[in-house]
Amino acid sequence: MRITGTFIDEISHDIPHQNWGREEWAKDFAHMKAMGIDTVILIRSGYRRFITYPSVYLKNKFGCYEPPIDLVELYLELADEHDMKFYFGLYDSGHYWDTGNLQHEIDANRYVIDEVWARYGHHKSFGGWYLSMEISRRTKGATEAFNTLGLQCKGVSNGLPTFISPWIDGKKAVMAAEATLTKENAVSLKEHEDEWSEIFAGLKGSIDAVAFQDGHVDYHELQDFFEVNKKMADKFGLQCWTNAESFDRDMPIKFLPIKFEKLRLKLEAARKAGYDKAITFEFSHFMSPQSAYLQAQHLYNRYQEYAKTL
Amino acid sequence: MRITGTFIDEISHDIPHQNWGREEWAKDFAHMKAMGIDTVILIRSGYRRFITYPSVYLKNKFGCYEPPIDLVELYLELADEHDMKFYFGLYDSGHYWDTGNLQHEIDANRYVIDEVWARYGHHKSFGGWYLSMEISRRTKGATEAFNTLGLQCKGVSNGLPTFISPWIDGKKAVMAAEATLTKENAVSLKEHEDEWSEIFAGLKGSIDAVAFQDGHVDYHELQDFFEVNKKMADKFGLQCWTNAESFDRDMPIKFLPIKFEKLRLKLEAARKAGYDKAITFEFSHFMSPQSAYLQAQHLYNRYQEYAKTL
Amino acid sequence: MRITGTFIDEISHDIPHQNWGREEWAKDFAHMKAMGIDTVILIRSGYRRFITYPSVYLKNKFGCYEPPIDLVELYLELADEHDMKFYFGLYDSGHYWDTGNLQHEIDANRYVIDEVWARYGHHKSFGGWYLSMEISRRTKGATEAFNTLGLQCKGVSNGLPTFISPWIDGKKAVMAAEATLTKENAVSLKEHEDEWSEIFAGLKGSIDAVAFQDGHVDYHELQDFFEVNKKMADKFGLQCWTNAESFDRDMPIKFLPIKFEKLRLKLEAARKAGYDKAITFEFSHFMSPQSAYLQAQHLYNRYQEYAKTL
């Protein structure tokens, strides 16, 4: 299964910054294109006080810092040039991480969506919206948040597609800042299906695709979870994408590029389950030939060898 | 003291993968050769479901994944070419790490040893066996496991040599996934000697060399432990090697290349104690000029300068 | 605000070593010079048993290891060549970290100061002394230690300047070896001012400059703390420098180069507060074009672009 999309991890939660300027980003889009990527997704347009574009609203409302460069404009220009689709990731105030309450995110993004569409909607590459709340099964109010924000995104943009990328609450679902790599109380396949079916059943045409993160269950459990995800997606009229993580969750250094064999196992499981599309988190640190992590360029080569066999 | 051997860390427990292909491995063996390495040791032929060669037995018995490349064949070909000795590291099912019980490893490896010798024994570089259980002083059944497996290895291969590489239960003997760097209840020199003498006394010609890992005690304690190790090795008819760790255990990032001064201290202590051979864990991440960790190429240069003075 | 000084992190507590030799250090001083650096500060001349120069006193007294190279001589030669000022960082026996008691450091450094001045004081670049105890507000005996050692440094060297670089006990004041990134009980602005005013009030002309580390409070808190620091420095007749940390304290990997936007926020806050000088911890790992962390070369480029606008 080919990877045709990637997140762009600006602003990052937990991956150290590469400090690229315009020149390096231009090169990276060319590298992406050479790997077959047609979709780039801004992971989030801001996180707490750090933002990717000079939002008047966010600076006034949350005291966000003036960014040194308008990354949204830069990415849209590069996506225009390379004939890619750009998905805009919503703002993350941090309030949900602190309190578990999504209302803050809903309120802030009502303004952000309007502001962003007015400012950048004219780009031909502006192709959709990413609802950036990384929720799992137990998030209260997830369905309502998806509906409110997803429908607003579609409303302002003549129905451009939306997607979400939740995680499976498996044994590797631990925070990056935690010292451990796994936890005891992992979700069962049955619970996963029940709880996500309930969330999906409440959607009112607000979400077009779901891209579960693929890194939280063990490799031999992937096939079962993927089959269930595809079954649910079909039942509720969603496209089924995989978010193929290209970093390694099994190592003490959090995080470096994944072993290619693991990535291949995950892509193969998605292919067998009949998934519609594979995107990755993310190309620029973990698969790019110019990544600061030199393992990434070798992962790129191994992936390209594999892609030729498909 | 010159380093003349290195582990090859495939499959890795805790060191992120470099994603090298055939070309990079070929270059690395040339780099090893240039540093004076005549012995390469596969750290383990598999760990849980990940394996280095397409073992019919392991795929059927443990559901191991089909590896993307036959690394054992590749390493043997490269060792043939460079006139090196290749030691095969036994399979690690993970059961011992989970339960402390070695029986699983004994049972699984009875088959692996036969399979591997039949498949790869014809290579001129196939030079020995590495019993990959990383045990310490308190492992129950260690002696019996060494005898059973070591004698079987020798039996199938016309007596090729075997070795083990246990750790000293010193103050830095903590797991890679733990947040701390040291622990309180370190072994005393006396306990170390008593307990390992008991293990070694039970060996029945099954083991030819012991290569204690050198990274778990403080630098000023090394000489005493090394003298004891040499005394025990002489007494029980073993060759005394040092496993000179080339990664740094004293840093929050687990793990990057060691400071050269520390490596030199450890090698000098082994030399003074009259050790027979120095091997390292391991060249490709921590000392190779092409390592993804650029500190490694400088460590290589510092080591080469030092080696010229010997 | 331009960065005109950098620490040199030899011997390191918690940053993995790059294993540079004479050639790499010579290149790095040239890179520093190109960025406008006129001051290099040896972070410490030794830590426990590892030392930067072959000190007869430290080898005899503390069993320190013979260093493979005389780094103090090397740095002084390079600083001479590039017309920079070199500050010598005092020895750290580790006793203070273990016990909280500074007496050991005072006693050891009485000898070190004499030995070092006799040995290296003739270099034209020998420009001052760095009192390397990284104390915070609650360190008992800090004032006395500063007075004793600072006055001795000045005494032997015809009054060369001295400085200290304490930390603000903010929410990010956690140890590198801890798994967490923040703590609950951060100091208030008022407590910070009260406690440091008390320390500064006791100084008897022993210290010329204070360079608070800038990485322990949140970015939006910086301006307030910096204003207070400047006010205190003015009141007590000290120069007010900022120690602009160029590594990122907000990431699980401890530590990689900082996101440029964060460094800019910190430098701008120092500029607005009217600080006298900016130094960084530290150039060679986190900002150098030849750093093993490739993010550093991009940080260097981003900083250089910024510096052109000043």
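Read from first to last, the chains carry the letters A, B and C; within each, the first residue is number 1.
Basically, a contact is a pair of C-beta atoms (placed from the backbone, for glycine too) under 8 Å apart; a residue touches a chain by one contact, two chains touch by 3 or more.
Just so it is clear, the structure is predicted and the values come from calculations on it, not from any experiment.
If you lay the C-alpha trace of chain A over that of chain C, the rotation comes to 120 degrees, to the nearest 5.
Taking shared numbers over all numbers used, the chain A to chain B interface scores under half, which places it in the different class. Taking each chain's centre as the average of its CA atoms, chain A and chain B sit 39 Å apart.
Listed for chain A are residues 179, 253, 294, each touching two or more other chains.
The residues of chain B lying in touch with chain C in their complex are 179-181, 219-220, 248, 251-253, 256-261, 264-265, 293-295, 298-299, 301-302, 305-306.
Against chain B, the residues of chain C that register as touching in their complex are 12, 14-21, 24, 49-50, 63, 65, 67-68, 176-179, 253-255, 291-292, 294.
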